[in-house]
Amino acid sequence: MNNRTDSLSTMEKVRKGIAKRRSAERRFRFYGLTGIVLGLVFVLILFISIIGKGYGAFQQTQIALDIEFLESVIDPNQTRDSKVISRADYNSLIRKSLTKVFPEVKGRRQIRDLNRMISSGAMFQLRDRVLEDPSVIGRSERVWLLASDDYDMLMKGHIERSVPESERRLKDHQVAWVDKLLEQGLIKKRFNTFFFTAGDSRAPEMAGIRGALMGSMYTLFVTLVLSFPIGAATAVYLEEFAPTNKWTDLIEVNINNLAAVPSIVFGLLGLAMFINFFGLPRSAPLVGGLVLTLMTLPTIIIAGRAALKSVPPSIREAALGMGASKLQTVFHHVLPLALPGMLTGTIIGMAQALGETAPLLMIGMVAFIVDIPKGIFDSATVLPVQIYLWADSPERAFVERTSAAIMVLLAFLISMNAVAVFLRKRFERRW
Amino acid sequence: MNTVTQSKPESVSRMKTLINKSMSAKPVNFQGEMGATVGSIHADNPRITCRNVNVFYAENHAIQDINLDIGTNEVISLIGPSGCGKSTFLRCLNRMNDTVEGCRVSGEIKIDDVDVYSKHLDVVPLRAQVGMVFQKPNPFPKSIYDNIAYGPKIHGLASTKAELDQIVESSLRKAGLWDEVKDRLDQPGTGLSGGQQQRLCIARTLSVEPEVILMDEPCSALDPIATAKIEQLIDELRQRYTIAIVTHSMQQAARVSQRTAYFHLGKLIEVGKTSDVFTNPLHELTQDYITGRFG
Amino acid sequence: MQTPYLLFTLLILSVLAYFIGKRRSVTVVEGALRELHSLPAYYGYYTALWGLIPALFLMLVWLSFEPTWLAHQTVASLPEEIKSLPSSKLNLQLNNIKNVAAGLQVSQRVDPLIVEAAEHYNRLRKISNFALTLVVLTCSLTGIWLAHKKINKDYRARNVVEKIMTGLMILASTIAIFTTVGIVASVVFESLLFFRQVPFFDFLFGLEWSPQTALRADQVGSSGAFGAVPLFAGTLLISSIALIVAVPIGLMSAIYLSEFAGSKFRSTAKPTLEILAGIPTVVYGFFAALTVAPFIRETGELWGWVVSSESALAAGLVMGIMIIPFVSSLSDDVINAVPQSLRDAAYALGATQAETIKQIILPAALPGIVGSILLAASRAIGETMIVVMAAGLAANLTANPLEAVTTVTVQIVTLLVGDQEFDSPKTLSAFALGLMLFVVTLALNVIALHIVRKYREQYE
């Protein structure tokens, strides 16, 4: 038992070092926690910064004016023809009404400033009002009109009154006008329907995401219609039918590598192949959808194969044992069981496609497009590209719009991912 | 249990006779108040004492009310059918169960009169004191030398390189591996054969001079020749260490251990001298198991 | 007929064909279905496929070549003095014609010649469209008729349908290969044109990048310099910053989540961290340009440093945030692949958790971790939107993270957004850069995947 004393001294040595080792342990643990907390803090900062910047855009400053819809201005010949009504000079009505509210404003420059208080898009508001109900002609009505972006910024506190006049975009007299309107309750922030119904515009207060949203929808539609069947067919073939040979290996290696090719390279492909070689129209959702299809295919195929793999072989054997052909086995038994997994993969792929920007810049979906696209051949832009375009605009009011558009985009992405998670949870089966 | 008795009434009677038989065996239970274990749970010179040990994995009551002493310089083998809780019990002794999420241990385990599950106890010195060898050989993906030197290094047992060399050599010698590997200490431990790997793992355990060695089916992944070597090694190690070994092989238990404990469905059924347990089991379940009726 | 309507008609036709085929099969055996080789539905599918696939294929081919043919015919009808224009000017004219033809008034006064050509163009298009409709519908109907005639009780419709389906699946799976071929072809072809004008080694090792070539010979300005080293350096600088941010944070998070955290914390923290991976890059770009870059500049000013408003640091930092979940989830997989038995061995020797991780798990997982860092690096190099929005345009050759640098992807975007002339080296250089990008990221991926696979095999 000579070892006994030895062993005791071993334990003593162990005990001696223990405090140091424990503090090293605590330190290491702390680093780990720091890492994860930093990551989470980044998520938080990102969301706070975007929501903080963007929530304001869901409200828009509007000014109430009593507009006299003078027949002499709108439709002097009483034709009530919509073409005539559309061309009328509504700005003059607005100018008249403004001088009534601010009779004290004199001098050309002052009056010009005053007129600029109302957005240049207000005339369209009036035009639409008259087109919708021509009986308003000849009457007087109180209408809420868009204020131009600087006034909007003032109302939202982005232009601060405490800043010296010389460094402020709105001068003291303009601020005084706002104060006067505020006193009378004629200027107000109201819910911003324009943001959701209008296309792009150079004037921030009139810019909306409808066009981009529709563009995204058409592009995603093309992507979905192409990538799901192709992806599913590829996954089924590779997982269920393909023999193991060089050719299949080549396909697999290709798919894995495509999954990691930078998205911008797909843009180059789209530009060189679809636009220059095949002569498809630039800026069209069709081309965008084609490019995004090629991009999302690897995701869908990989997810589809995983879903097929998780169906136990016993089910295949059971069906084959009943005398079903290989194809019948796959289509009647395996595919229905793998479908939720495939759909989950497809939704995740679609979410990727919805957020993708770079390749679409290459194929010209970056153009300034006011009209709302009506089909997959029309020129269009998509939501992420719209965000990129607005982020590049110098006007302060566009920062707010950009953040709001990001919020809309993230809302879509989060709900798509939520659906995917739900599908996975709902249909997850443990064999 | 309920559903079984409801659906199959005849099984109730069988169950009853089974219970009655175990009751009838009670007179030979020297420690009636300690639960249903038959045979003597005590050892002559106890180093480890366990009282009322229960282990739960989440909701699952894995082992129930175990009372057992393990003596100094003895080899005790823990036998029983798969899933009977013998490995779980073994892993309680050096608190390896801590690494399993949702595992809870109650009761009292003392090694040299120190409560293993005391809140103030640090597992690091405990595990240095109680070494463990696993079912599958698990050498680190490092050189043979580094495998052995790892324990002494982290515990600061050697202050010089010479001392470390000394520890590595003596550990490998004790494990009977020195002659086979002394010329290739810098080669990866994973390159050895299965039996050599397991002896390497034993040498690694010995390198920190433990007092108790736990072995969890150390030979189950080895061929007969390697097994024989390990068994011989265990017999030699008995001179210096207290050893608890979980095994599926009754012959092995008979060959290497002085005492044997039989576990069944999370309960310790019978403990006794190995010769007694194998030649003259007191409990029917033990008899059924060693005669090969189940297992 | 317009293409969508034609497509729709085709679909309706094939649905009809399904019922025709099915009915036909029932009638040929006079209702004794057992005598049929296949189920009636298969005869339906068979007929429908015959009605759909050849017609669809024809339509695809037609539509792919229609624009080229139209342009060619239109140009042919133009008077000699326009036809002899150089190809870039000719294209401009052609675009004009197309715009007028589409009813888009380009300018108030349009050359009557153009108007005439536009009318010609529209006539041709109408003819082509009419012919297409005729040919496609005939093809579809012929297919249906042929299939219908072939149906008899011994015809193995199921086998044929299954063969066609398998063929379609094989076709679908080759798209991956065609995509790769397409990528290679499109970048290589244009790159070759570029290297004909700018020597390959000048491009690869040149130290100056200013792709603005003079449009007219007498214009002031350089003739363009295409030395890509500043771009490579800028890409490297920003990617390095990103990795310096992402690797420690991602790795430590993965370690904490897989080794220390309780299951409750893990189940909330992990998905939250993965949100970062789902955020579109354009959002990161916005965040970098409008939040992080000003913050860094102001902080730098406090210390008296000159920080560019498009500093490499801002872009790199945000890119790092973006790839944190990438590094962490890959490392997580890798760490989890280390067998539990190694952990047990270390714990049983009395190693603390930190010692086990640092000395046993990380060394064992090292190849896998290196692989995932390489994958993250390839992601960083190919990332576009963050750098387009937050990094600069000027090609500075510097290692100072507070200065503005530009990257390969930024240049590709700048060169290709807006008007392109496919005969100027300026536009073509974008494809050469794309080729570089493709080759480098591909190589990184192949190496990384190889390392990771080897690592996995080691523990399987």
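Letters A, B and C name the chains as they come in the text, with residue numbers starting at 1 for each one.
Rule of thumb we're sticking to: a contact is a pair of C-beta atoms (placed from the backbone, for glycine too) under 8 Å apart; a residue touches a chain by one contact, two chains touch by 3 or more.
No experiment lies behind these values; they were computed from the predicted model shown.
K.L.:
Mapping chain-to-chain touches, which pattern fits: line, ring, star, complete or other?
P.N.:
complete
K.L.:
Count the touching C-beta pairs: is A-B or A-C ahead?
P.N.:
A-C
K.L.:
Chain A to chain B: how many Å between their CA centres?
P.N.:
For chain A versus chain B, the centre distance works out to 61 Å.
K.L.:
So the centre of each chain is just the mean of its C-alpha atoms; given that, what is the distance between chain A and chain C in Å?
P.N.:
Each chain reduced to its C-alpha mean, chain A and chain C end up 19 Å apart.
K.L.:
I need the residues of chain A touching at least two other chains; which ones are they?
P.N.:
14, 21-22
K.L.:
Two or more other chains touching the same residue: where does that happen in chain B?
P.N.:
124-125, 128, 154-155, 208
K.L.:
Hey, what residues on chain C touch two or more of the other chains?
P.N.:
Only 350, 352, 355 qualify.
K.L.:
Quick one: which bits of chain A touch chain C in the complex? Just the residue numbers, please.
P.N.:
Touching chain C from chain A are residues 14, 21-22, 24-25, 27-29, 31-36, 38-40, 42-43, 45-46, 49-50, 53, 229-231, 233-234, 236-238, 241-242, 250-251, 254-258, 260-269, 271-273, 276, 278-280, 294, 297-298, 301, 325-327, 351, 354-358, 361-362, 366, 375, 384-385, 387-388, 391-392, 399, 402-403, 406, 409-410, 413, 417.
K.L.:
Okay, in this complex, where on chain B does chain C touch?
P.N.:
Residues 94, 96, 99, 101, 123-128, 131-132, 134, 136, 138-142, 150-151, 154-155, 201, 204-205, 208.
K.L.:
Report the residues of chain C in contact with chain B in the complex, numbered from low to high.
P.N.:
Per the touch definition, chain C meets chain B at residues 262-263, 339, 341-352, 355, 359-360, 363-364.
K.L.:
In their complex, what parts of chain A are in touch with chain B?
P.N.:
3, 6-7, 10-11, 13-18, 21-22
K.L.:
Could you pull out which chain C residues touch chain A in their complex?
P.N.:
Against chain A, the touching part of chain C is residues 4, 64, 67-68, 71, 158, 162, 165-166, 168-170, 172-177, 179-180, 182-183, 185-187, 189-190, 248-253, 255-257, 259-261, 269, 272-273, 275-276, 278-283, 285-287, 289-291, 321, 324-325, 328, 350, 352-355, 357-358, 375, 378-379, 381-385, 388-389, 409, 412-413, 416-417, 422, 430-431, 434, 437-438, 441-442, 445-446, 449.
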